[in-house]
Every structure is written in C-alpha cells, then in structure tokens.
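Note that the chains are named A, B, C, D and E in the order they appear, and that numbering of residues resets to 1 at the start of each chain.
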C-alpha cells in the first residue's frame, strides 16, 4: 500500500518535472514546477521528515514559485509564452547527456555494495528500525523523527551554528545584492519602450 | 572545564572565527554608512570615505586575524607567557594545535590562520584597487559584497564538514555573482554576472548531488569520518564502486567549475572581462585559493583512500581523472590565451592554465607518500600565483581607469613614463611564466618536483613525468603571451594619449605583488616552511569526540589530550613575518623580501615528515 | 520482518507501524471528514455570510436579508441554488485547466488549515508534531491560487489585480509568520496541541505584552491576508474591476467567495488556538481542565465547555472582522505595502526578542508564579510600548521628511568623479 | 503515527478538491450553457482587445517578492530555533539575535534605499 | 502485511529528476527556464539527502539529523539563488529585452 502511494507520488513528480522542462509556456512550466515541489514534499513525508516537508511547501510552493511567476511576468509577455527554445541541433545532445547521466546513476545505485559493514543501497528494503521507547538503539533517530523541529533547532544552535549564521549572512547578502542589481534610480513604470541601452561596443576578439 | 551551554557548543570556539565575524559586521557597517551618507555628501567624497572605512575594516580584520592565530601559537609555544592574561583552562584549550571547533565543523589550526591572513591581505589590495576609479553606482553594496565573499572564502577553507563547506561555498559565489554584475553602466558586466550565475548554480547542483552520494555512502558529513569509513573498507580505491565514481565525478565537476578546469571553464573569460577589474581579481585569486583548499581537503583528506589503490596513476581512483583534467586544462588555457589582446581575457585564460598546474599538484597529493610536502607545494603555488595575479589585475584597473578598455596595446611604451611600475609588472609576468629567481618559478618547481618525487611505481611516475613535461611545455607556451605584455611596455612606442600616472590604489598592489614574488623567490624556503606547517593540520583528521547533543547532560566531554606537536618559536616568528610581509605599510615594497631573507635558513625539518593522523576510530 | 511488527518488540521500522490503522481511527477520521469538513464547516461558513449581511445591515441601519425563511435564515441556501444554476463563463483564450485549478487551490488551502486546530481536548483532527509549520505552509498556498486565477483569465485587469493581490498577500505573510514565532517559543513545540497545553499551564499567550503585540500583528496581517477591508485593494472595484476574479462567474466565483469565508473561519480558529487560549474561558485559570479525570463523561463535559468557549471566541473574532469591514476605509496601495514592511515586520522581528525575554522571566521557571508573571510584565511591557512608539515615530518622521534616498544622486550626473582617486 | 496523520491530510486534500469540484459538476449538469462570442470576451472596456495581453509590471513587484522569499527563509530558521529554545540557554537567544540583526539590517537597507516605495 | 519502500526507489526518483533537470538546463534557452531546471536538480539532491538520512546508518559523531540540516541549507541556498538569479535576469532583460541566455552575446568567446 505504501509502495503504491510512493509510485503514485513519484510518477506525478516525474511527470511534473518533465512538464517543467518541456512546456513552452513559462507560467505553466512554473506551475508544473510547483507540482514537482509538492511531490517532493510528499516524498519527505514518506521518509518521515514531515518537518522538512512543511518547510518545502512553505518555501518552495509558497515563496519560490511566486518569485518565479513574478520573474516571468516581468520579463515575458504576460501569457508567458516562450517561443525560443534551443535549436533542435542542441536538443539531441542534451537529451542524450541527460539519459546517459540517468543510466550512470541508476547503475551506480544498484551496483553499490556498501562500505565496510554497511548494507548495499539496493538491499536496504525495510528502513532501519526505530525504537518504540527512548532508550533502545535507534532512539536518537526516533527523537529526530518525532520531534524534528526541536532536534534540528538544537543542532543548528550548537554544531552547525557557523553554518546557521552564515546562512543569515547569505540571505542578507542576497537581499542587498539583488536589490542593488535590480534597483533603478529612475524607476518609473516602464511604458514598453526599450530602456536606455548604453553604447557599449561589442569587442570582436576570439580565442 | 565548566559546562558551557548544552551539548557540544563551547563559546570559546567563537574566538577562532572572530575575523569572519568582524568582516561580516564590517560589511554591514560599510553598507549602511554608504547609504546614510547618500544624502549628505557629494558622491566622490562619499566614495572615498566609505572606501577608506572599508579599508580600515580590512585592517581591523587583519589585526583580529593576527591575534586569533598568534595567541594560540603563543599558547602552544610557551604557555607560561600567557598565564597572566588567561586562565589555565583557556590556555589548555588554546594548546590544541589542530582544534576542531563547533563539534568538528570548522578547523582552527595554523592553516586557517595563515590563509585568513592571505585572504585579508589580498582583500585589502582588492579594496584599495577599487578606489582607483568609479565603476559602480552601488558603492556600499559593492564593498559589502566583497567583504562578505571573503567571509565565505575564509570559512570555506576552514570547513571540516560538508554542510559548512557547502554553505560557505555558496556564500562566496553568490556574493561574487552579484558583485560581478554591479557595474550597471556596462552591459558586459550584467551579462558576465548572469553567465557566472548560471554556470555557477548548475555546478553547485552537480556538486550537491555528488555530496548527497558521499553522505549516502558514508552516513556522515564530517570529512574526518568519511575518511575513516573509507579507510576501514577492504577495497581501497574506486574499483567496482560506481556510486563512488559518480560522486567523485559530480564533486569534481562542482569544484572544476569554481576553479575553471576545462570542461567547465566557459564562464571564466566572460566573467573576468565583464566583471569590474577588482571583482575579477577577487574571482581569480581569493575564490580560487579557497576552492583549491576545499578541494584538497575533500579529495586529499576525506577521499584520499579513493585516490588510487595501486600508486598507479591510471589505476581505479580519482588521480587519473584529475591528471587528465589537469593536462587538458593547462594546455587549453595556455593555447587559448595566446590569441588574446584583451588583458582581462588573457588573464582569464592564463588563470585557467594555472588551475591546471594546481590540479597537477593535487593529483600528486593523491599519490604522495609525504602528503604535507605535496600539499605545501600547492599552497605555495597558490599564494605566489594569487599575489602575482592581483598585481596583474591592478594593471587592468589602470587601463580601464584611463583608457576605458583592457587592450594590452594600451600599455605601449609604459617603461618610458613609469619605469618602476613597468619593471614591477615585468617581474609579475616573469613570475607567472615561472622564470627562475622569482616566486612563480619556485612554485612550479615545488609542484613539479613533488609530482616527480613519487617513484614507487614505474608506470605511475612515467605518467606523472609526462604530466610534468606537459606542464613544462605549457610554461614555455605561456611565455609568449605574458611576454606580449612586456613587449608592449618595453619595446613598443607609445601611441595615442599616454596613460596617466598610477596612484596608490594601482601602484601599491603592483609593487606589493612584485615584492612578494621577488621575496618568495629570494627566500622560497621560509614561505615553504610556513606552508608546510599549514598543510599539516589541513590534511590530518582531527578526532571528533562524539558528543551526544541534548539538553540534559553533564559537562561536555573534555577535549582530547593533545598529541604533542612542537611549534617552535621559529614558526611563531615566521607567522608574524607572514603577516607583516603581507600587509606591509602602504608603499612599503621591501619588507617581505628583506625579512624573508633573514630567515632563509629556517629549515623545513620543523614539519614532521609524516603527517600526524588519527585513523584510529575514537 | 515479522518479528519487528510484533507489538511487544521494542523496535519498529517506520512510524506508520507504531500505530495501528484500526477501526477506531478510521471512524474518527471518517467523522471528521464527513461531518466536520464537508458538513459543519461549510455550514458555518454559509451562515457566516448571512451573519455578515445581517451585521453590516445593522451597522448601516438596514434590516438585511429577511425574505427567505424566518430572519432570512434560508438565504444561504437560496444563494447556493442561485450559484449552482448560473452559467459558467470562461473567457475565450483563457487557460481552461488553470482557470479551473485556481479556485480549487484556494479552497484547498483554506481546508487544509483547519486540519490541525485543537478545538478541545482530543478534538484536533490530527496532531502533527510540526502542526504550526504545516498550517503556515497550507496557508501559503493561496497566493499561488490567486495568481493563477488572474493569469489564466487572459484579462489585464485580472492579472493586474492578481499581481497586486499576491504582492499584498506575500507582504503580509511575513508578519503573520513572524508573529507565531513567540508562540512556538513559549509552547516549546510546533504542535498545536502542545501549545494549547502550555496555555493551560501559563495562561493565555495574549496575556503578556509580547503576546499582545504578536496578536495585534497577527490580527492585522490576517485581515490583509484575507483581502478584507481596509486591505481589499486587490478587489478594489472602483480601480480594477473586481480584481483577480473578474473573469470568474457563477459557481467558480462562488468558490472564491466560499474560500474567503472559510479562511476567515480558519484564521479565527487559528488565532483562538494560538493566542486566546483555545477553549479556556479565563486567561489565568485552569478552570475546565482541572475537572479532567480519567472517566469519559468528565472528558465529554470538559470538551463541551471547551468547544463552546472556543466557538464563542471564534464568533467574536468573526464579528470583529465584520465590524472592521464596515467601519474602516480602504487603504491606498502604497500605504498598504508600507504598513506591512515598515510597521509590522520590524515590530514582529523585535517582538521575537521580547518573547525570548518573557520566556526567561516567566516560563523558564517551569511553573506559573504571580511574581514571575508580574516581573515579566514589568520587564517586557515598557519594551513593547517603546518599540511600538519607536517604529511609529520613525515612520512619521520619514513621512514628513520624505523617504530616505530621495536626494540620492542619480546615475546620470555622477560621472564627474571618474578618475578621482584617493591620495 | 506521522505517516498515518498525513494519510488523513491526504484524504482531506482529496475531500477538499472534491468539495470544490462537485458543485462545478452540478453546474455542468443543471446550469444553462449557451456559448456566445460576446459572453466569452474578456471583461475589459467593451472593446475587443487586439493581440496578446501586455502589461509591463514595475520592478517593485520583484523587490517585494524578493523580500518575501528572504524573510520566509528567515522564518524557516526561526521555527526550529523557537521549538528548541526551551532546551537551550540564553546563548541560543544571542545567536538568534545575531542572525536577526543581519536580516533586520537588510530590511533597514531596503527601506533606506527607497525600494520599499510603491509609487 | 505491509511492505516498506526500498531505498533504491527514492534514489531512482532522485536520479531521474536530476537527469530531467540536467536535460532542462541543456535544452532550454530561456534563463528563467534554466533556473527552474536547476531547482529540479537541487530538489533531487534533497530527496537523496533525506532518503539517506532515514535509511542510512546512524553514526553518533555525524549527529542525528546531518542530512536534514544539509537539506535545509540547500533549501536556503536554492531560494537565495532564485532570488539572485531573477535579479540578474531582470538586469539583463532591461538591456536586451530578452530573457534568452543565447541572446546575450556581446562577449566574444
């Protein structure tokens, strides 16, 4: 039953991912991307990381896809159509590379034998057990699963505190930099005419 | 040791990241100062003031870095000296010569101190260079992004764990994407920023996927644990381990993008040309140093057991892969640089080529028996390369400031008007080629000697010899394009409007860089011994005492009694010289050379022959 | 793996094996779904519409709906029939599927929010360990639906309305999310049931200066999130026809309408559960909970009290919303955005710090003492007042002096200092 | 226990979708359907629009969305911190204050830069 | 009796979406479309991380939630990348009136 659930979610997710990549209309592609994010969140739930699933929905579906939509609205025609795709000469190698990567990864997954005493990836069928109580082996993982918010918080505050503060700095830098890059002093609602294109003569050297 | 905080957090660990904290805060100070002054001051005065405040911040960071790396050194060298200032437990805490901070996510050893100094010094030069002319409207943001990118670099080379490594790598690159695009008056800047961004984020996606496989294979994100687990398996190397190969390939792709190794180099020329010259300098030096160090930590330390099982370069392991990439990279970079008339593009291709040389060093590291020496050779090369390149980009700044272009031909006849600077530039170029008495020569020498030293296996050494031969040939090729700059300066007649005098922002980096390459050339051993001391903690695995993190528990497990490792006072002194040499007073070109010469006899035997490893699982 | 499934075994391999999916659970869920989510909640919502019309009429000295049934009580049913029989118009060139999906997404968002509300003891549909985060995630779906509604209509007024609406929704989502952080902090958990239990122990969370501030921020942000006056710019009829649902008619419009009222209800429940002590009738007294024993009748009794009080609080909240709607005028769009970013967000951020102080003063001790509680008020009260005053003062000052950066030199005239360099 | 709870959430999701679609289905069955050109025109100014709908949005939309994303991620870190705070000490408050100060100053920056102005 | 999902299924899902994202990066021309494809790749890595966290061994020195924390950092970085990327795209769009990667070709190779 849980396997069927997984298959449904996985197929939906992969179909959305494919749609994102294939659909010409960018808004629809972004919508498909939101669907993919949601499918990934469902997989997180199946992996018993519901905290992360909620974060995934909050950040990706709720925020990132909105940002993408706005980006599309600001750069495209309103309907978001994207007539330009790479010429078909580019298509085939791209698809071939993608398929080759998938084949390699698939081969790697099933060929993996497990380091040392660990079990091979292909052989881990039921997930490792967790404890019912709090003292048996598997108890830390149980704590992490049942109270992930708290455990993640403790880890972020102690072991990963540098990464945590750095993430704050990264966000600030992204905010500051993106505002600086996108901001225009003379920012009036544009009337559709091309903006001032500075006469920056293209240089014509070749390697 | 009193219990401080729950779990594994020890407040004193923040002492070691003080330089990063200062720099991060200073970025905000500069940003808000610029904004606050926006209404009150005319633009040129504001630019100057804010730029000087930024420089002051860099100076402050330099002081803090020195303090945070010298105090532990002093504590190790002579604990009694500090007993008046610090409590006994603090001195014990500082005594650990390779402390792993924050539960083993960050290193705080000698290497971190040395390279923090290098970053901060270079950052000072880059910031100073930016004062030369006005290229962006968003001045405060620009400076803040530079400083924050440096925070990322410092933490990247200190990271001992994949989470921190990933986030600091991203911190560095995201700041650099944005800084690249900040010259909004030039179309190419925006375009360079976008290209950098797209290539960079694709590469981080690849890198991350590789990391996820590494995590899956080992179950840990700590480099030391990964190494321990890989060593514990019977099968060494990558034979019949497709998942490992995939992980290696992906991680290599990620790092390769950042250091512009060949299949992933396309962004470099566009970005170097599009970015404002100081940003390009920072991409070419700071980000390269940090990435190569992280690269060495991941490949030379964590993934060392996968290097090759047989000391055979083409055996199943990552060395062969790296060797091939290195060969292609240096050849391509040099050949492509031959056709460039634009100085920044030329430097871009040449920096691709230098990336290739560095990869030879890392490949040798994989095969080396004496890991420390091999790593030290790479670090030596990095430092010399970085200083020479910063100087070269200062020339680009000069050109852009006065001619609004970066053509090499604009340097024609420079020697007649500015002989000192022209000679300095010549020295830089010669050092980049690798002409004997200069630092670049010794860099290449150490690098290639390391590769040649490994003669355990005939086939392996033959391949390495071939690689070194190729490197040598490439150096010859590179002479052509580097000397084009020299020819323009010395042999050509000045045409058109002459270039105006260089003032401090341009002259200082050039002179200082020249001084560094000359100094390191005159006394390579002293720099090399510092680098060896740095390489030791970098490539050894600190033991992580597993600490159960949780609210209810007793005092944290005491730090492991430290295996005694002698830091002689000599080394402490050298560290100080490093600092003063790097951050010499404005206009002081000489100090590094002369001071370096006095300690020329500082022997390399300080560093232990075999790295101190702790392979025994705790 | 059979032995792992043995109930006496200390190990299980997945959380789903730890609890049986027996008949009891299935029955509970079935009841919740059929009676609660498909029956009771939509019914409540339908009568909320009636109530609003009645209330608005009273405010405006009218009578309101009074034709269909006694007191117009059958009006909602009549409305539903009207909507069901109206033709469904989809503009030509609209993106059919997305046009359909948009209102569904908005409805789903409102429904999912209700799934973790603890109405009374043992009366939360589900108790998720990350319930609050889940709730925020669910509520963050609706901007996407709104955007899609506007975009798929292929009408520029719809799109304009949608863009405005989304900009407003996302702006107010930040203070909303930040305002629940103090609650998580005090509750020590993301589970709404745990938060309720904490409020039983330590009093309603609104009974503290940071809690009050958080509640006010939450209230204002919620009104804006619900697109209700004075924050109803997105559907400002006089400006951009009817906003993002210009091209929606008949039942599809009805869905948006339903979603709006469902969201009002959901937010009312949320606010009640988070700040107003859930079903507790008095702020600092454990009243019905201390009656709780191990016998079922006691539980039912307590639950009835809790549920009644809970619903009463929700009703008050809803009436408050109606009152605000008929009283206040619409804000101008620039003021609207300003308010989210320049008043609410800074206050919400600072309030997190105050919440930490309150925690140290009052909750860290483990039991609620009057001394600690008063001390908490003495410490955080002035801080909160000062913060509010400071934010208002700064905004006023800037409003008078013009926004900072007005005098910034522009790109054109500053090439003068090209080449100027420090000595 | 967790997965089971989410099964309920999944059922609720389906129920909500069904709840939204069912009336539409009813409409399909009982409501009149008379297509006509003028009914399916976009509801604009009474004049048929020519060509693609085309509006240029101002950059402020992006700036607001950007700020939203950044502060949403800030909340991402605040939630686990707040949940774990009880077990940690004041040092966690200090760490979070440092984190918040950075983002707060980011907000101040945007404010002072003047990008938070709508018109 | 109910059977559990094998680890390899999750890994295959991640591999497939990673490959799809890669195809998108290689074949799409519009910068925003490329950005979306990159997001797919990052999410694929996240699925891997969480799957390995749940199915992998428990090492005391790695911490209980190493994979989760890395995934959170990835979410952070990915969102920041989208924010920055769209800013850069808008900047370029103002110059060229086009969001195609190929269109920006004033820089010679």
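Convention: a residue touches a chain if its C-beta (ideal position, glycine included) is under 8 Å from a C-beta of that chain, and two chains touch if they have at least 3 such contacts.
Since this is a predicted model, take the numbers as computed values, not measurements.
The chain with its Cα centroid farthest from the Cα centroid of subunit B is C.
For the pairs D-E and A-C, the count of C-beta pairs in contact is higher at A-C. The distance from the centre of subunit C to the centre of subunit D, with each centre set as the mean of the Cα atoms, comes to 13 Å. Computed centre separation for the pair subunit C/subunit E is 31 angstrom, with centres defined by C-alpha atoms. Subunit A and subunit D have centres, each the mean of its CA atoms, that are 17 Å apart.
For the pair subunit B and subunit E, the distance between C-alpha centroids works out to 27 Å.
Counting partners per residue, subunit B has 5-6, 9, 24, 28, 31, 35, 103-104, 137, 163, 167, 170, 174, 177-178, 181, 184-185, 187-188, 193, 213, 216, 219, 269, 548-551 as the residues that reach two or more other chains. Residue positions 2, 46, 48, 50-51, 55, 58-59, 62-64, 66-67, 70-71, 73-74, 78-79, 105, 109, 118, 121, 126-128, 138, 140, 145-152, 154-157, 159-161, 163, 167, 169-172, 174-185, 197, 200, 203, 205-207 of subunit A each touch two or more of the other chains. The multi-chain contact residues of subunit D, meaning those touching 2 or more other chains, are 1-3, 6, 53-55, 57, 59-62, 65-70, 72-73, 75-77, 79, 82-83, 85-88, 91, 100, 102-103, 105, 109-110, 112-113.
Considering their complex, residues 11, 14, 18, 21, 25, 31, 34-35, 38, 41-42, 44-46, 48-49, 51-52, 56-64, 66-67, 69-70, 73-74, 76-77, 80-81, 84-85, 87-89, 91-92, 95, 101, 104, 106-107, 109 of subunit E touch subunit B. For subunit A in complex with subunit C, the touching residues are 2, 27-28, 31, 34, 48, 50-51, 54-55, 57-58, 61-63, 65-66, 69-70, 73, 78-80, 126-133, 136-138, 145-150, 185-186.
On subunit D, the positions that touch subunit B within their shared complex are 86-89, 91, 102, 105, 108-109, 112-113. Across the complex, subunit A meets subunit E through its residues 1-3, 6, 10, 13-14, 17-18, 20-21, 26, 29-30, 33, 36-37, 40, 43-44, 46-49, 51-52, 55-56, 59-60, 63-64, 67-68, 70-72, 74-76, 82, 84-86, 90-91, 93-95, 97-99, 101-102, 105-106, 109-110, 118, 121-122, 124-128, 138, 140-141, 143-144, 148, 151-152, 155-156, 159-160, 163, 167, 170-171, 174-175, 177-179, 181-182, 184, 194-195, 197, 200, 202-207. Contact residues on subunit D toward subunit E in their complex (touch as defined above): 59, 62, 66, 69-70, 72-73, 76-77.
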